[in-house]
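Shared between the two complexes below is subunit A, which has subunit B as its partner in the first and subunit C in the second.
For the complex of A and B:
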């Protein structure tokens, strides 16, 4: 019909390799998310702090992460820092790039969530003898994470999609990198990338679905 | 540290890349928004069940990496259909559809934010569907949707950095080409990054301002 012979068998024979790649993609995404959340909480604390320079650093991080392409951030983590004689492996560069991006976006989400939590709660905690940090840790933080659960799910999906950018810094063990290598080997571009696309689709759907189940269980009342 | 081999010709080369980024973004956002408004209105008007196929297709654009969408579209149009299309055309086409998928969500959210009672009141006063859309829904929905839409347009500009994969030399690719030649990655990347930042940051702030201003009343 198209004057083009689809050869799905050739591509499907490589499925196990691509699934291995999908595992690496998930590893990067989950790690970048966990470290990203930790940094985002730190950034949120810095932005709440009284110190001007600390606030400026946190705001700078957030604004750069949100206003430049993720690809640029990954380039910076790979080629940019190489100017200082620091050479990261593609895996680490990709992880740093995505983590930087995640932390910036999540910190902004956390700030939005904080607005929904009344100041009086911190003061109530303080008057019960908690320190500033204790009040944040035991009263504000749990509510903040809870309110931003949905944005965090979206960011997780973004993190998975962003792993495909690793190929630009020479990453070849993630799903996109593996597909690219297989494409160079077999030249079944359409078939291979269609399968990769389906795998990505399944991963993102699995994330949103499981997040919904977790949310239903965690936030019952 | 401040020595650089960057020449005026290189700067013009970067400016051309920046121009390409803006051109691809402008075309994609314009077409994508028009399509997105149509898709959004269709989804609200015909209900979730009837438009499930549309929702599914649009969802694919949001669940598969843009890089793969570009490679797939290029392979399908070039290798399967054997069409001789420029990379620029493929890039604009994919980015437009990508934009429309997100825009449809924003439009739907905007229309849903208009109270059904307000619309019914209008209709019961003899206002037609078209007039209701034009004079009731449009002004109210715009207040909700415009800040998100600005965010989307800026997101598309940042995502347009990926069209290098279909041989379109936009800003980040131009930067990358110069890095290969001049071996000054940090300096060149900072120029490229600053360009994105200087466009994105003020507009993002403006979007935030509109959101704050319009959410009070």
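For the complex of A and C:
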């Protein structure tokens, strides 16, 4: 165990490639969050709707997203759908898998946030002549997003970390995929993955800190 | 004109309105008094269609509120309502609270909506609080903001549902002053209230509700000076 000779130079020489990978990781995470939030809002509305089938679809989504491994969700988005002749690139499959997961968790957060907003807020909007949708859009939604801002930050961190599962569907352009490929080339396993770990840590820390700054700016009330 | 014709309304087993008839003319101020659970607040939420009714009719300027063909969003633009709980929108500052509906419902431009909102906010004495968030306002100020918010839609009618009941006693006066001012300006108003002095001062007519029926209605001098219905007598004796 102690016979291992560290060769940090070899690993550090690959840092630029790893940073390129980190950019792809961020791309996947940010896109999966943006699309995930949009779907989570849709799921929230569906779960409030009067239609039983629509509610069932939304509940099914949330149940699967929250009660199966993220790896399963990404796998299904790649190899699962491939069984039906649908072929996505690893990037798209990873994006779909993480987005699906994000939307499910966020929809559950949104549901909790909605419970914290009194019904009378909608009523006040309706009494000013707003439609149900307008009242949701302009009165409920902003408050809901504020209440769920911290859970959303958590989910963003998860999204970054979940990108590492992309290697299982052949993703090799993100941070984890790049690191794995470099490892196969150089066998500097410990050094490379340690650097990758530090980069992951820095990214997620940066997200948490900037979220705090954004919250301070955005939520002045 | 608001015409309420034989309106019945139940919540489950409980019948809260048992055949109400009331006509409010343009420019008239009618206050509704009565004990809790007498149906007075329910009546207001029925008038602007927030609550459905079981039978009877409510007509606002000849339009039947609960007819299927009635566009309620449109109708509500001319019926302002202010609730006991003022329901300030906490994520918007005072000015934005008031401009939201004119902009999104009436499609007004920002400048126009802000001009109207500023005028209404000055009107209710909040001209210096435009960029303040509701959490920084007292209950009385929030309630006055809610009144300005309703007025910014230029309603023809205003409904006030116990707007001072949730306020600290020292804040009641400022809100009642605002209501009085509106009454003097000729706004058509229906006020559900527990403030007897206010009812006596500003109303053209006072209605006494008891257990879902309108037991008595008349000029304030008559209702307070010479109540006819035994329940009115009992009620007034108990609140004095």
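As a convention for this text, the second predicted complex is superposed on the first by the 220 of 221 C-alpha atoms of A that agree within 3 Å, B and C clash if a C-alpha of one lies under 4 Å from a C-alpha of the other, contacts with A are read in each partner's own complex, and residues count from 1 in each chain.
Methods note: a contact is a pair of C-beta atoms (placed from the backbone, for glycine too) under 8 Å apart; a residue touches a chain by one contact, two chains touch by 3 or more.
Source: prediction; values computed, not measured.
Colleague: Just from the overlay, do subunit B and subunit C fit on subunit A, or is there a clash?
Modeller: On the superposed model, which is not a single observed complex, subunit B and subunit C fit side by side.
Colleague: Where does A:205 make contact in the superposed view: on subunit B (first), on subunit C (second), on both, or on neither?
Modeller: After superposition on chain A, A:205 lies in contact with subunit B alone.
Colleague: Touching A:139 in the superposition: subunit B (first), subunit C (second), both, neither?
Modeller: In the superposition, A:139 touches subunit C alone.
Colleague: Under the stated touch criterion, which partner chain does A:147 make contact with: subunit B (first), subunit C (second), both, or neither?
Modeller: In the superposed model, A:147 contacts neither subunit B nor subunit C.
Colleague: Classify the contacts of A:193 with the two partner chains as first (subunit B alone), second (subunit C alone), both, or neither.
Modeller: After superposing on A, A:193 lies in contact with subunit B but is clear of subunit C.
Colleague: Name the chain, either subunit B or subunit C, that contacts more residues of subunit A.
Modeller: With both complexes superposed on chain A, more residues of subunit A are touched by B.
Colleague: First (subunit B), second (subunit C), both or neither: which does A:124 touch?
Modeller: After superposing on A, A:124 lies in contact with subunit C but is clear of subunit B.
Colleague: By the touch definition at the top of the document, which applies to A:77: first (subunit B), second (subunit C), both, or neither?
Modeller: neither
Colleague: Is A:4 contacted by the first partner subunit B, the second partner subunit C, both or neither?
Modeller: Touch partner of A:4: subunit B, not subunit C.
Colleague: After the superposition, what is the least C-alpha distance between subunit B and subunit C in whole angstrom?
Modeller: 24
Colleague: Once the complexes are superposed, what residues of subunit A are shared between the subunit B interface and the subunit C interface?
Modeller: none
Colleague: Applying the document's contact rule, which stretches of subunit C touch subunit A when the two form their complex?
Modeller: 48, 50, 73-74, 76-77, 80-81, 83, 85, 87, 89-91, 93, 100-101, 104-106, 133-135, 146, 149-150, 153
Colleague: Could you please specify the touching residues of subunit A with respect to subunit C in the complex?
Modeller: Per the touch definition, subunit A meets subunit C at residues 118, 120-121, 123-131, 134, 138-139, 142-143, 146, 220-221.
Colleague: Going by the contact rule set out above, which residues of subunit A touch subunit B in the complex?
Modeller: Subunit A residues touching subunit B: 2-4, 63-64, 66-72, 75-76, 79-84, 157, 161-162, 164-165, 167, 176, 189-190, 193-194, 196-197, 200-201, 204-205.
Colleague: Show which residues of subunit B lie in contact with subunit A when the two form their complex.
Modeller: 60, 63-69, 71-72, 75-76, 79-82, 154, 158-159, 161-162, 172, 176, 179, 184-187, 189, 192-193, 196-197, 200-201, 204
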